[in-house]
Amino acid sequence: MQLGIIGLGRMGANIARRLMRDGHMTVVYDRSAEAVAAVVADGGAGASGLEDFVAKLAKPRAIWVMLPAGGPTEGTITELASLLEAGDIIIDGGNSFYKDDIRRAKTLSGKGLHYVDVGTSGGVWGLERGYCMMIGGEADIVTHLDPIFATLAPGIGTIDRTRGRNSPDDRAERGYIHAGPAGSGHFVKMVHNGIEYGLMQAYAEGFDILKMKNSAELPADERYDLNMADIAEVWRRGSVVSSWLLDLTALALASDAELSHYSGSVADSGEGRWTVQAAIEEAVPIPVLATALFARFRSREEHTYADRMLSAMRFGFGGHVEIPQ
Amino acid sequence: MQLGIIGLGRMGANIARRLMRDGHMTVVYDRSAEAVAAVVADGGAGASGLEDFVAKLAKPRAIWVMLPAGGPTEGTITELASLLEAGDIIIDGGNSFYKDDIRRAKTLSGKGLHYVDVGTSGGVWGLERGYCMMIGGEADIVTHLDPIFATLAPGIGTIDRTRGRNSPDDRAERGYIHAGPAGSGHFVKMVHNGIEYGLMQAYAEGFDILKMKNSAELPADERYDLNMADIAEVWRRGSVVSSWLLDLTALALASDAELSHYSGSVADSGEGRWTVQAAIEEAVPIPVLATALFARFRSREEHTYADRMLSAMRFGFGGHVEIPQ
Amino acid sequence: MQLGIIGLGRMGANIARRLMRDGHMTVVYDRSAEAVAAVVADGGAGASGLEDFVAKLAKPRAIWVMLPAGGPTEGTITELASLLEAGDIIIDGGNSFYKDDIRRAKTLSGKGLHYVDVGTSGGVWGLERGYCMMIGGEADIVTHLDPIFATLAPGIGTIDRTRGRNSPDDRAERGYIHAGPAGSGHFVKMVHNGIEYGLMQAYAEGFDILKMKNSAELPADERYDLNMADIAEVWRRGSVVSSWLLDLTALALASDAELSHYSGSVADSGEGRWTVQAAIEEAVPIPVLATALFARFRSREEHTYADRMLSAMRFGFGGHVEIPQ
Amino acid sequence: MQLGIIGLGRMGANIARRLMRDGHMTVVYDRSAEAVAAVVADGGAGASGLEDFVAKLAKPRAIWVMLPAGGPTEGTITELASLLEAGDIIIDGGNSFYKDDIRRAKTLSGKGLHYVDVGTSGGVWGLERGYCMMIGGEADIVTHLDPIFATLAPGIGTIDRTRGRNSPDDRAERGYIHAGPAGSGHFVKMVHNGIEYGLMQAYAEGFDILKMKNSAELPADERYDLNMADIAEVWRRGSVVSSWLLDLTALALASDAELSHYSGSVADSGEGRWTVQAAIEEAVPIPVLATALFARFRSREEHTYADRMLSAMRFGFGGHVEIPQ
């Protein structure tokens, strides 16, 4: 089928390519004419602006917006809404906050427009591995778009089937789900990212213990000089902690076990923060996921005001001197 | 080659079977004659006691002890030491504390005996998937035992190779490593389990947020009734959080998405505790791994004394009444 | 001076009383006629409704709203705003979210009304000890209300002066501060409560360790049967951890060292949750404060879905059975 | 009565002085002749070596060892044991690990010697405020030493009595307790310090939120430029979070609200680490106390290996570049 795509960054352009490889048609637009030209070279129809883009799409139009969450997505959807007609469909494939989805779906439905939110995992590997998608929106619209999702998803592939699954709906096994009404796709993706932070931090802390096992603070006969790359590699084989994140870790360690060309100043995105917020609204205890988020905040600072205050109190009660040299 | 195995629980018996399937010979012993008979039925040579067991092994003897850590392992190794001769090898395949390994290796070397510690991951799936092994001990002894390890390990199998690995030693890719001197095998396995706790807790917290998203505490239009089994399934396909633990989670959810036949009273074993201790000795911050351990402690209690003290303070300053009905 | 007070719960009524004891006049209103009558008996002028209440106040009116945050406060302020005249002052002494203060101050200023937010600590002890107040709003309005704040605050009292303080403004030493513009009073109070959660949890965890030191899990010669009441008492005297919360703990333990008549099902209020949210907006790591909040969430549940999922995974990889008996 | 004191650092020398001011006699020894001379100038009897020290004490001798935990304390006690006679008493007033106390008490009792462990809080303020003491050992020996403890303790002073206390033993109210058998004094002191870490971290995180409320990451109308010194000061007056640590914080902030001359590289001592270990042995969940300890570890590093591993994984799955400039 035909899909319009706005936003041709790494994700958007690769989504267009994966669709076209499977016989779909795309109309594409990006502020950068160069980005448009690159996809046109691979078979897409390029648009010179939003009006041109809308004009080139057959009704009912299906438009995938793949822009940074917040301002860019919000602005584009607002502008699109004024150009589209009843029955058209806007898909937000970015990382919007799910409460924004709920609000937008309500507003757009007043104009007869449909809104679908797609949480998309797969990163730079998606073109090759396929995209894992969590979809929120009206059931019949999601069904209408099924050819798109079926192509973008990884498919059953070589991954073992889960014994005991007994569902008439095999979409989960092919790599996408219709999670529920508007916002639910991004909600599930948001929690996915929250978990991702926790998993990453668990590995990172564990490897830190392994690495520091040759610390001079330890008795000499309790020190080991362990091979980080081999440990990550061996855990990929039959251990309880094998995972795709571990595969990536092994990859990084294979080329530089010291990881010395990484800054360790770790960014965080909205999803990790929103996950904590969602848990608090539900009164669900998530000490590990929250702590993983805070570890990232901490990684970006040198000495916090909090740290200095601890030094100050220690000086206050014990005369302990912790003063910069 | 020939291997003696003491302790024929699930792990020990399956190790014997995996070895025999590949042409190795085993001499086996267990306090339970029934357990011995079961392995003998599959081709092992059974022993009636430790002396008989030792007598049936060719020199230099190689003996794999697969017993619960602590008393049973310690007692058996002590008794074995009095029966063996210089050049013989004792392998501890259980979950011993690595400092016990260091001590034992020192003591046994005084008698000319060799000690090898093997941290083994794979659980009940090992017979089928193979065992991931982390090995500590003298390099030449580990090399001497290589045929055993090569058979027990999963092998390269269908798992993608890690690009950029460039090592003359391909053991890690076949599922086992020689980590370093005595104790290092169990040390790496210990940290492996510490990470396992963190990963499990990250998934568990995330799914708890998803499950509680239909909580009556939330505004009606922000509630979703999400399908836990489908979410676990879809994340297995191309997402960043795919892992073997997620596969197991999908398996459990496929048969009962409420998980209502699990108690939620979660045990912990020595490795999780020792991991925290090791990190403290190294001054490595591991808030996530420690918190994951504490979540297990907490899961086994109803209301802690700490909880009641919070209630008492709240009553003290605010007159808030938190009294059992 | 004259102050109108709406909301005569424990806090509101005691505020009226503390003011009248010091010679101020109060006009009071509450939905409960009984509550009004009780304060009238102590010298206040009672009102029969909001219009009557407003009519009884001299201009410029100063009205202290002491109601539950959220709906009750919001509704009352909205209604008041329609009855008041330019120059009048609304004080929110409850626990409103500071962003609501910012919004309200803006709205009310459009009508020439002034808005002051007062975070008030002191709980049921305030009548006796005085109230610690953190105030947000326009400087001249806060100055105009100074006689009220000066009376409600504890005053310098017998508490040691802080050496080195050198400020022309002695309000902090008398127990109240003008923190900044609208919302800042409640913001500071919010963080105060976030800290309170952390302090309480620290004591609670510590006493839990002391209490469990006679656990049968420990070797017999490492068990102690410690006296909780004596420990709390002795720490009040010259130790680093002495505090008012510890005083309250000692009080509770003096009458029942088992704390057996407390449920341990610990409530939380908005401030603890908002504190985490504020920290996330600022990217400030607060693992301890967040974990303290989560401990309260956890205290209110028996076994979480998260706990059951851990059991399920353990069964999955190790055949560990954690099934309710 | 007469007390021998070994170790005349800040704590030891002040203990001697506080005793002499109240009429007790001291015999003092330190490796530094200068330190001895200083106390002799205030009235103590100086010793030139351990033998001379022992010779100058009347039987049964009572000797207070005030040295760094570990080697210095252990060595001195071992040497003393060879010089003393049955009935003599060794008091360890330092910060020994309580399991060392249990061991020492057993060893010394074989020689008829008595061992008392005293956890002492009060730091540099003890001479003035008195020392809060937690004492472990045989009841009759602790009673024999009572004149010493009574003098060193703060006494009832001006601190409010705890209503409802009803105990024939008023020692807790005078600032010291006999906690139980050998080791229990240091055990209670250890947990005291664990709590101290948690309290300090709670304040530090809270003030960090307050400080960062003028962060440029926030919308302009939600920023406040708060006065840290005034906030700490006002909370000392009638608030729920008032405490001695807050008094110290107010003191530090009064002279420098930026705390810019503190390094923020925060040390930790054995007690914080042992507290976590003790909780793990008891299976008591202490997420806040452990996290407070880890915050100190983290404060001493720039970017951890763990941080760099997070960067590496983020690069792996998303192409996110976190490379040092």
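Each chain gets a letter, A, B, C and D, in the order it is written, and its residues are counted from 1.
The definition used in the following text is that contacts are C-beta pairs under 8 Å (C-beta built on N, C-alpha and C of every residue); 3 or more make two chains touch, one makes a residue touch a chain.
In this text, all values refer to a predicted model and were calculated from it rather than measured experimentally.
Colleague: Keeping to the contact definition above, tell me which chains border both subunit C and subunit D.
Modeller: Intersection of subunit C and subunit D contact lists gives A, B.
Colleague: Subunit B-subunit D contact: same residues or different, taking over half shared as same?
Modeller: same
Colleague: Determine the centre-to-centre distance between subunit A and subunit B, using the mean Cα coordinates as centres, and give it in whole Å.
Modeller: 31
Colleague: Approximately how many whole Å separate the CA-defined centres of subunit A and subunit C?
Modeller: 39
Colleague: Please compute the C-alpha centroid of subunit B, do the same for subunit C, then give the distance between them in whole Å.
Modeller: The mean C-alpha positions of subunit B and subunit C differ by 47 Å.
Colleague: Pull out every residue in subunit A that's touching 2 or more other chains.
Modeller: Only 123, 125, 201, 203, 205, 208, 212, 240, 244-245, 251, 283-287, 291, 294-295, 298, 304, 306, 317 qualify.
Colleague: Subunit D touches which residues of subunit C in the complex?
Modeller: 99, 102, 121-123, 125-126, 129-134, 153-155, 157-160, 162-167, 169, 171-177, 179-181, 183-184, 187-188, 191-199, 201-203, 205-206, 208-210, 212-213, 215, 217-218, 221-222, 224-227, 229-231, 233-247, 250-251, 254-255, 275, 278-279, 281-289, 291-292, 294-295
Colleague: Across the complex, what residues on subunit C touch subunit A?
Modeller: Per the touch definition, subunit C meets subunit A at residues 240, 268, 273, 276-277, 280, 283-287, 290-291, 293-295, 297-298, 300, 304, 306, 317.
Colleague: Please give the residue numbers of subunit A that touch subunit D in the complex, ascending.
Modeller: So the residues of subunit A in touch with subunit D come to 10, 123-125, 200-201, 203-205, 207-208, 211-212, 244-245, 248-249, 251-253, 259-267, 287, 291, 295-296, 298-299, 302-320, 322-325.
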